[in-house]
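Chain IDs A, B, C and D follow the sequence of writing; residue 1 opens each chain.
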Amino acid sequence: MVSGILDGLWLVPALPLLGVVLNGILALFVERPLLLPAAGPPSAAAGHGHGASYRTLVAFIAPGVVGAAFVVALLCVLSLAAAPPEGRIFVQVLFPWIQAGAFTAPVAFQLDPLSSVMALVVTGVGFLIHVYSVGYMSHERAFARYFVYLNLFMFAMLILVLADNYLLMFVGWEGVGLCSYLLIGFWYEKQSAADAGKKAFVVNRVGDFGFLLAMFLIFWTFGSVSYTEVFAKAPLLSGDGTLTTGLATAITLLMFLGAAGKSAQIPLYVWLPDAMEGPTPVSALIHAATMVTAGVYMIARSSALFLLAPDTMMVVAVIGAATAIFSATIGICQTDIKRVLAYSTVSQLGYMFLACGVGAFTAGIFHLTTHAFFKALLFLGSGSVIHALSGEQDMRKMGGLKKRVPVTFLTMFAATLAIAGIPGFSGFFSKDEILWKSFSSSMGSPVLWVVAAAAAGITAFYMFRLVFLTFFGTSRMDPEVEKHVHESPWTMTLPLSILAVLSVIGGFLGIPAVLGGAFGVPNLFEGWLEPVFRRAAPAAAHAAEEAAHHSAALEIGLMALSVGIALFGIGLAYFLYRARTEKPDEIARKWPTVYGVVFHKYYIDEFYEWAVVRRVVRGADWLWQMFDARFIDGIVDGAADIVRSAGDRIRRLQGGIVGGYAFSLLAGAVLLVGYILYRSIVQ
Amino acid sequence: MTGIDLLDRHLLSVLIGLPTAGAAALLFFPRDGRKAIRNAAFLVTLAEFLLSLLVVARFESGTAAMQLAESAPWLPQYGIGYLVGVDGISLWLLMLTTFIMPITILSAWSAVERHVKEFMVFMLILETAMVGVFVAIDLFLFYVFWELVLIPMYFLIGVWGGERRIYAAIKFFLYTFVGSVLMLVAILVLYFHHYAVAGFYTTDLLKLYELAIPAKLQFWLFAAFFLAFAFKVPMFPFHTWLPDAHVEAPTAGSVILAAVLLKMGTYGFLRFSMALFPAAAADFTPLIATLAVIGIVYGALVSMVQKDIKKLVAYSSVSHLGFVMLGLFAGNLQGIEGGILQMINHGVSTGALFLIVGIVYERRHTRLISEFGGLSKVVPVFAFCFMVVTLSSIGLPGTNGFVGEFLILLGAFRTHMGLTVVAASGVILAAVYMLWMFQRVMFGKVTNEENLRLRDMNGREIAYMLPLLVLVFWIGVYPQPFLRRMDATVHAFVARVEAGKRAALAEAPPGRTMFTRTFDARK
Amino acid sequence: MVEPSAYLLLSAILFCIGVVGVVMRRNVLIILMSVELMLNGVNVAFVAAGSYLGDVAGGIFAFMVMTVAAAEAAVGLALLIALYRLKETIDVTELRILKW
Amino acid sequence: MEAVFFILFGAVAVGASIMVVTRRHPLSSALYLLMALFSVAALFVLRQAHFLAAIQLILYAGAVIVLFIFVIMLINVPEERLPSERMTAMRVLGVAAAGILILESALLARRFAMPQPPVAEVGTVEAVGIALFTDYLLAFEITSVLLLAAVIGAISLAKKKI
């Protein structure tokens, strides 16, 4: 067991929380009064006037705490790495959280290779994006509020990845959902932004519903929600028949529902494109690099359970592959630069799920890591473009920016090469690993490979379409916008550059054995994560071994084929958007139906609106108006009305007319005497 | 020294008596001295709260017995005594009552301008009655307090309420009164049954617990108690008085109604229905759990389409109380502890929501959602509080709502899996209706000119909101102090109910449903 | 020798005629007179029963009834005057302020 | 002998009573009432209740009837403003009910066989006087309070302004 520096593990989530508190105080007591309408007409001066000093403070605190968290996390990971592979697990219990009878869930953090990868990615990329945000949001009036949310997000995300039990993970899980809600709706005065935030939260909640139920099943099956206990008991219980395949399938399918909600998989992906209403760094951090990958992390974390449910694995793989190609096709027709990237993110997440579904968890996590680099970079780059163009997001109004924003162009281009899977760039290694595993794994199939490879080709196509439309060709910008085009400040370009370097070289962490083996370079990434998956599930190791049965030649051949497909996609993009720029419109005119359907994202949003939202609202309205107000209250008020009208009739006997009273007196006397008479006769 | 001793020995009686004594003292205040009246009422409730903290301090969490118990003969010839005490079930409800009272008094500071003296007197009498309900362990004493609650509440709604206050007040009164009359009949039956079996009359609850009641009789007694408590909770489909009462009641009334009065129903189920008639409770469980789940989903759906914020919150109460009922009738430790905790949570969150609504209403004199929009920009502190309370109501982890809902669903999942799946969908719906409302009120552009001049929360309002927010996070992050003090009692409770259930099963062959068993037995 | 029941029957008839007067008439004065008739009917029964049973209580009760009747007539007529001043009518159906 | 007088005075009493309730003008009613009261007084004499017979004459004829007539004269409602009497359902029912009541009473009365009288003098002034001032003293005194109350009540009601 390792300790020492690891005892400071709690600082990793605590530091961002400190940032939340400090920035929160600044936001509430310094910034809020400046923003009130009563404080005068809104002016940009608020940002640079007497409030400027607090902004500097915020600009130091917010990235500072995240940077510090990164350093602490790095130190912890290094100290963890010092231990032998089998001992690389560290649990720190802070305090008991919920205890009721047999149920107990402490606030406890667990650092093992898997969570350390996540923690480093989250804090590292998070730090860069915080720095970037300082530049990007410099004109924003609610500067401190933004960083409060951003720090809060870091806190929740770190809870999610560092938790040592499912319940605490769920806390982070919902916490990031909340921050996503807050940040998407950051510009809440914009109706679409507020709507998108709500949509994200609600769709996520549908997933959380699955997660929650999965957690109940886990507790009542295993008697615990702690990872260590659950994974240790899983083989035992499955051996003695308590944990049947059906039960395992139920648990994992419910978990996958949760993962699909968070990681925007079919059918719950609809919120992610709308989430682009948030500020661009938020899209980069939450909706590309970190939060949306939580689902992948959760499945990888629960690999021990998933491997017991082959049916679920197949569902995960199929949904992953389907999402990958489905959203890639939508990406082709989008014109909003951020939406293209959003659908690309959904598609790439599909790859990660595909990897998990075929049992290649390492590959999934590896792709998660490289994707965090290049997709964050792409978003930040697009943010830089948008920043340069004074907020313009429509690619049809860009073009020829190559010279005007050189750093942005170069870094984005590197990221594009990475995502397209050009050999040598990070995306190549990770994506190819997934492709190969989906083909070779005992749970994979050639069909999955074909789908995934096709999606890779489409990805290369639309990414280069994006680059060509944005940076090459002639300018289609508004003249007014064009005048103000400028390269971004260093706070923005520096993170871009760092991420670009990572996007290029990040892949060398996990060189596939077939390539690296020849040069004696080990697959560092796999070696690092291996204890986690082997400990959790010997079966995974088994699957990996099976993959090794395939020949190296086949692997190299498939690799070359996929690169070829990617190059074809790039070539097609060049042909359509550089060489023959009139062609795309022609195609759209030729097949208006197909184009229209794809352009409208297959009308999925409209379908949900029609099939779910409107039905539910109408049904609820009916329940209220008819059932509640008419039926139940009808009975209640009806009972009251009967009493009242009966009373009204009886009341007339007491109309105040003396004769009436005398008459009832008389009637009473008649009855009374009659009764006495009757009794005397009967006796 | 002796004074302290005396206080210690009669702590609960002091808690019962203090507000009424305060009310009596208020009667001598000059009618025009509103400020003095408000201050005095606030001080009384605050003193009551501080004294009640002593109860927590003296409370031993290791035992299931009634603590700080006091007994005095009252009508000895009828076996009726003045018996009070607290255990793990009633402790936090008592605390919730004393905690929420100073807050409501503060909230009524400027909202109530008419008949301030009468208002405060009613509030204080109400507090006595509510405290009495939770600490009484004599059936007769309980009934007296139970009915006493109705009177001040009736006036609070009927006098200081909104436009349709008379309708709402009468509906509230009659609805709950119908139930309590049935309960009275059941109490009398129980009373005479005890005499027939044990040979002496008593209304001492602890003695009645030991009474073996035949399953057939249990069925009818449970049914009578069920109606009384189901009306109060209110369970679907007996809930329609709630939206009316809430909407028409003044803010302080709504807060007390939501925070404490509804809990009297759920508390009654726990303390009386389930504990006295375990076999019947087992028979009724499927029915009640189903109604609870219908209530959860139904309340949520109906909330969604409300146009009036207060009505929305009222319907959300139906949904939340459905969770509580589901937890109680899960019949296991997790469910019941979750249920009790959720009672507190609902008191805190929904109480706070009503205060929030009250704050806007006081400024704009409307509660229609369509009248608002974009308030976030104008009233930031308010927005912050509203956000936290909304999230707590949704049950976001880290806030109190989550801990309660989680434990309830966890417990209920064991016993009613299918129903719990449906109930868990209420979690989704809660997000839909609360966030939608929040968005329509707080987000977007300020479309209504009047909203631009809205004042943010003032010091007094922040002062009464703050303790609620603290509690939201406290229970959310560290619920142990609350849960631990329930453990022993709930353990014993579950054991007793289980034993009772087994005894009844031994009496009638298993596999019979509630109705067949009851009606077969009559042949 | 007259049967006691004859007196009782006569008493009942007088009483019932009085009742009919009270029920049928709208003139307050006549209603008051009818009340006197009813009381007289009762008195007949009292006196007859007292004398047949040889008990002085019958007479005493009749005496009491007479006293009450006198008081009633006095107060009733005073009320009538007061009412007539107020409403200018002696029609009992118009005097409905008994029920507000 | 008693039977003859009983039938005679009984018939007069009933007849006069019917006239009381059927006359349109209250003055006629009052005079018929006087006749009915005389008959009742005669019936009292038949039952040897001399004291009550005397009281009946003095009190009713002397006081009550005079009071009635006095009031009738005082308020002096003109003929045309006397309340119009119509037959309504309730009235018919009232008469019918009264008829039933008489019938019932008749049947009931026949069932109460009274013992043959031990002829004791219970209606004389002496007997009543002794009873009043011994056994029934308290009741007698209270009667005086009642009358006092009636006097005060009548004055305060009838006075225009107090």
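Keep in mind that, in the parts below, contacts are C-beta pairs under 8 Å (C-beta built on N, C-alpha and C of every residue); 3 or more make two chains touch, one makes a residue touch a chain.
Nothing here was measured: the structure is a model prediction, and the numbers come from that model.
**Q** Any chains in contact with both subunit A and subunit C?
**A** Touches both subunit A and subunit C: D.
**Q** By C-alpha centroid distance to the whole-protein centroid, which chain wins?
**A** Taking the mean of all protein C-alpha atoms as reference, the closest chain is B.
**Q** Rounded to a whole Å, what is the gap between the Cα centroids of subunit A and subunit D?
**A** A distance of 100 Å separates the two centres.
**Q** Could you put a whole-Å number on the gap between the CA centroids of subunit C and subunit D?
**A** Taking the average C-alpha coordinate of subunit C and of subunit D, the gap between them is 6 Å.
**Q** Could you grab the centroid distance between subunit B and subunit C? Build each centroid from C-alpha atoms only and quote it in angstrom.
**A** Centre-to-centre distance between subunit B and subunit C: 61 Å.
**Q** Taking each chain's centre as its mean C-alpha position, how far apart are subunit A and subunit B in Å?
**A** Between these chains, centre-to-centre, one finds 38 Å.
**Q** Counting only residues that touch at least 2 other chains, which ones in subunit C make the list?
**A** Those would be 19, 23-24, 26, 92-93.
**Q** Provide the list of subunit A residues touching at least two other chains, using ranges where the numbers run on.
**A** In subunit A, the residues touching two or more other chains are 659, 662-663, 666, 669.
**Q** So which stretches of subunit D touch two or more other chains?
**A** As it turns out, subunit D has residues touching two or more other chains at 90-91, 94, 98, 101, 105.
**Q** Each pair of chains that touch: what are they?
**A** Those chain pairs satisfying the definition are A-B, A-C, A-D, C-D.
**Q** Going by the contact rule at the top, pick out the subunit C residues touching subunit A in the complex.
**A** Its residues touching subunit A are 19, 22-24, 26, 31, 92-93, 95-99.
**Q** Which stretch or stretches of subunit A touch subunit D in the complex?
**A** Subunit A residues touching subunit D: 659-660, 662-663, 666-667, 669-670, 673-674, 676-677, 680.
**Q** Help me check something: in the complex, which residues belonging to subunit C touch subunit D?
**A** 1-2, 4-10, 12-14, 16-21, 23-27, 29-30, 32-34, 36-37, 40, 43-44, 47-60, 62-64, 66-75, 77-82, 84-85, 89-93
**Q** Going by the contact rule at the top, pick out the subunit A residues touching subunit B in the complex.
**A** Those residues of subunit A that touch subunit B are 28, 32, 35-37, 95-103, 167, 170-171, 173-175, 178, 181, 185, 188-189, 191, 194-195, 197-198, 201-202, 205-206, 208-209, 212-213, 215-217, 219-220, 616-617, 619-621, 623-624, 628, 632-633, 636, 640.
**Q** Touching subunit A in the complex: which residues of subunit B?
**A** Contacts found on subunit B: 171, 174-175, 237, 239-241, 298, 301-302, 304-306, 332-334, 337-338, 374, 376-378, 380-381, 384, 391, 396-398, 402-403, 406-407, 409-411, 413-414, 420-421, 424-425, 427-428, 431-432, 435-436, 439, 442-445, 452, 477-480, 483-484, 491.
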